[in-house]
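Chain lettering (A, B, C, D, E and F) follows the sequence in which the chains are written, and residue indices restart at 1 in each chain.
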Amino acid sequence: MPIVQVEMLKGRTLEQKRALAQKVTEAIVETANCPKEAVKIIIREMDFENFSQAGVLKCDE
Amino acid sequence: MPIVQVEMLKGRTLEQKRALAQKVTEAIVETANCPKEAVKIIIREMDFENFSQAGVLKCDE
Amino acid sequence: MPIVQVEMLKGRTLEQKRALAQKVTEAIVETANCPKEAVKIIIREMDFENFSQAGVLKCDE
Amino acid sequence: MPIVQVEMLKGRTLEQKRALAQKVTEAIVETANCPKEAVKIIIREMDFENFSQAGVLKCDE
Amino acid sequence: MPIVQVEMLKGRTLEQKRALAQKVTEAIVETANCPKEAVKIIIREMDFENFSQAGVLKCDE
Amino acid sequence: MPIVQVEMLKGRTLEQKRALAQKVTEAIVETANCPKEAVKIIIREMDFENFSQAGVLKCDE
């Protein structure tokens, strides 16, 4: 039943997301001891003007 | 003051969202015992390449 | 596949949560057109010192 | 290490987001006692048909 | 209507949370151009065994 | 910069969380192409009365 949310900047390819979904699911199954079918992953992509670190937007870095 | 977030795949019509907002609000008011005005709902829609179950992206199913 | 998160102040009884889970699930099924089994609800309860409105913590109101 | 998520309706300019990132970061640093570099802010913008209050979508108000 | 979630490690005092709620609200009002009453803040506190950076739990650092 | 949130039922040991943090971080680094230091993981544990599937609380299953 683990629900995983991955928040990251835009720009990953479909191929990368596909690999991410597979590998993160495996990591959860292996360590949290749950069936593969129970793992759900939500990927959220952020625009560069919607993330800041140390008070500076990513698009301004 | 309940804040409700509904995460679902893209594809619902405005009419469905309208009904969802109304019915979920009623369900919260009735069971959590709070005024209607206090219930806020955020709907988040996911692309089919941004959700995976059992390690497989929705767009690959 | 809708995943619902309900954020609310502490204090609801188990009976209220039970009703909330049932009614909100029904509302989602009816309006988002998905099977009952697909609806997951996470309830998050907040302490009164962890929520503020208009800049004032709930515990100070 | 504070991670801040700001959920708001669409329509703010880049200039407003820039100011928000800076001022909210300062507010966190000052009150939570942490280094500026540790503060991350995610801005999430909602469409008017994806937010409801009192059971009514923003786009219908 | 901005809803702000602040995720941070446990250990802040009530006084710090009070100041945080006030200052962050002011920062949002000033930059996002909205009434004070509309700003809601949820503070979420994490245990040191529930946060990791670079693959290492905070409690193991 | 990926921020990962893992929502799961209570009951995992510290050892399991430690392994989860490590393995999930590795999975993200490998597939999203980012430095290890950039990956942050938040683990959220739910009580059995705060999660429902198909309208039934976990504690009632």
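The rule is simple: contacts are C-beta pairs under 8 Å (C-beta built on N, C-alpha and C of every residue); 3 or more make two chains touch, one makes a residue touch a chain.
Every value quoted in this text rests on a predicted model; they were computed, and no experiment measured them.
Graph distance from subunit B to subunit E, where chains that touch are one step apart, equals 1.
Common neighbours of subunit B and subunit F under the contact rule above are A, C, D, E.
At the subunit B-subunit D interface, residue numbers used by both copies make up under half of all numbers present, so the two copies contact each other through mostly different positions.
Which listed pair repeats A-D comes down to matching contact pairs by residue number; over half match for B-D among B-D, D-E or B-E.
Subunit C and subunit E have centres, each the mean of its CA atoms, that are 20 Å apart. Centre-to-centre, using mean CA coordinates, subunit A is 24 Å away from subunit C. Subunit F has its Cα centroid 12 Å from the Cα centroid of subunit A. Each of residues 1, 3, 7, 26, 40, 42, 51, 53 in subunit B touches at least two other chains. Viewed as a contact network, the protein chains fit none of the simple shapes, being neither a path, a ring, a star nor fully connected.
The chain pairs satisfying the stated touch condition come to A-B, A-C, A-D, A-F, B-C, B-D, B-E, C-E, C-F, D-E, D-F, E-F. Put simply, subunit F touches subunit E in their complex at residues 14, 17-18, 21-22, 25-26, 36-37, 39-45.
Across the complex, subunit D meets subunit F through its residues 1, 3, 40, 42.
By the touch rule above, subunit F contacts subunit C in their complex via residues 7, 46, 49-57, 59-60. On the side of subunit E, the complex with subunit D involves touching residues 1-9, 12, 16, 19-20, 23-24, 26-28, 30-34, 51, 53.
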